[in-house]
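As written, the chain order gives the labels A, B, C, D, E and F, with residue 1 at the start of each chain.
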């Protein structure tokens, strides 16, 4: 604890790596948490399994 | 917000599309929420990663 | 299964009752699920435990 | 209900089967729950989608 | 990791204590996990925030 | 999306405010996400509803 679960579209490893680093740093600096206590889970969802405004992500065409 | 996360077996896109449409409509009509504020996540699990009554879904044979 | 978890602001029981009824109906009609298989969890969060755009809900003043 | 969601690395079916059996047994013996009321979801995450101490699992080399 | 999140009705501390002990033991014996790596979260929900079969728990009268 | 859910002990509003600000900033800078698309939920748990190593947080006495 703290346990951080992120629901997001798929991202490159390099982006997830940098994000996890910065989130963990925020917990250590703001809460005084030990880095090892912070775990981050990336729960990636594609556009066929997510909807906003009642419209599936894969159906949402710009323009 | 509201954020809706659904744990379910895999379903066709057409079924998820219709379900997301109806759930979003329920929030707008019952809560008065704006459609764009409603997000629906489908978290699909297969029968080798789910158990009921202590029995894995893939082991549960009818008859 | 399906298990539906809703992250939302607190709502009256009457609103949650109506929403749960409609969501369950959607699963039975669209998926052919048995009503008893559908469980809905309301996970209510107040404005001091939720942020959007980096701003806590309780700090977000209109106007 | 109870609904148990487990965030873990991927495991063999045989291990998940035994774990689900034991967890369900614990609920029936400690809570007096009916076995059929207990559902267990295994949410498996790989080392490219999990970080501890700000370091992605796939980057964490021993030695 | 593993992280276990349990959605359930409120229970006495003594019951949660015994359940957490047994679940953790199951992970150490079945997976070979270190006890310290296992975290269990009890997410308790009352009968006004949970529905089954489209009926809120608080409305479900026996008899 | 992204939706961030944090399981943690209760914290002061000022700490949650700063953490949400920094996490949102990380998403905008690393992913190029729009700030308004980032939502952070703090799911606070007390020491009677969390266990590590099979021991409830409230039973874990130092020394």
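Criterion: a residue touches a chain if its C-beta (ideal position, glycine included) is under 8 Å from a C-beta of that chain, and two chains touch if they have at least 3 such contacts.
For each chain, UniProt lists the protein as follows: A, B, C, D, E, F = 4-oxalocrotonate tautomerase family protein.
It should be emphasised that the depicted structure is a prediction, and the values quoted were computed from it without experimental measurement.
Considering every other chain in turn, the ones in contact with both chain C and chain D prove to be B, E. Greatest centre-to-centre distance from chain B is found for F, with centres as Cα means. The interface in C-D, D-E or E-F that matches A-F, meaning over half of the contact pairs are the same by residue number, belongs to D-E.
Comparing the contact residues of chain A and chain D by number shows a mostly separate set, under half of all numbers used being common to the two copies.
The centroid of the Cα atoms in chain C and the matching centroid in chain F are 20 Å apart.
A straight line joining the Cα centres of chain B and chain C is 12 Å long.
Residue numbers of chain C whose C-beta contacts span two or more other chains: 1, 3, 5, 7, 23, 39, 41, 43, 45, 50, 52. Taken as a graph of touching chains, this assembly fits none of the simple shapes: it is neither a line, a ring, a star nor a complete graph. By the contact rule set out at the top, the touching chain pairs are A-B, A-D, A-E, A-F, B-C, B-D, B-F, C-D, C-E, C-F, D-E, E-F. By the touch criterion stated above, chain A contacts chain D in their complex at residues 5, 13, 16-17, 20-21, 23-25, 35-36, 38-44.
Considering their complex, residues 1-9, 11, 15, 18-19, 22-23, 26-27, 30-31, 45, 50, 52 of chain D touch chain E. Chain B contributes residues 7, 43, 45, 48-56, 58-59 to its touches with chain D in the complex.
Only residues 1, 3, 39, 41 of chain E touch chain A when the two sit together in their complex.
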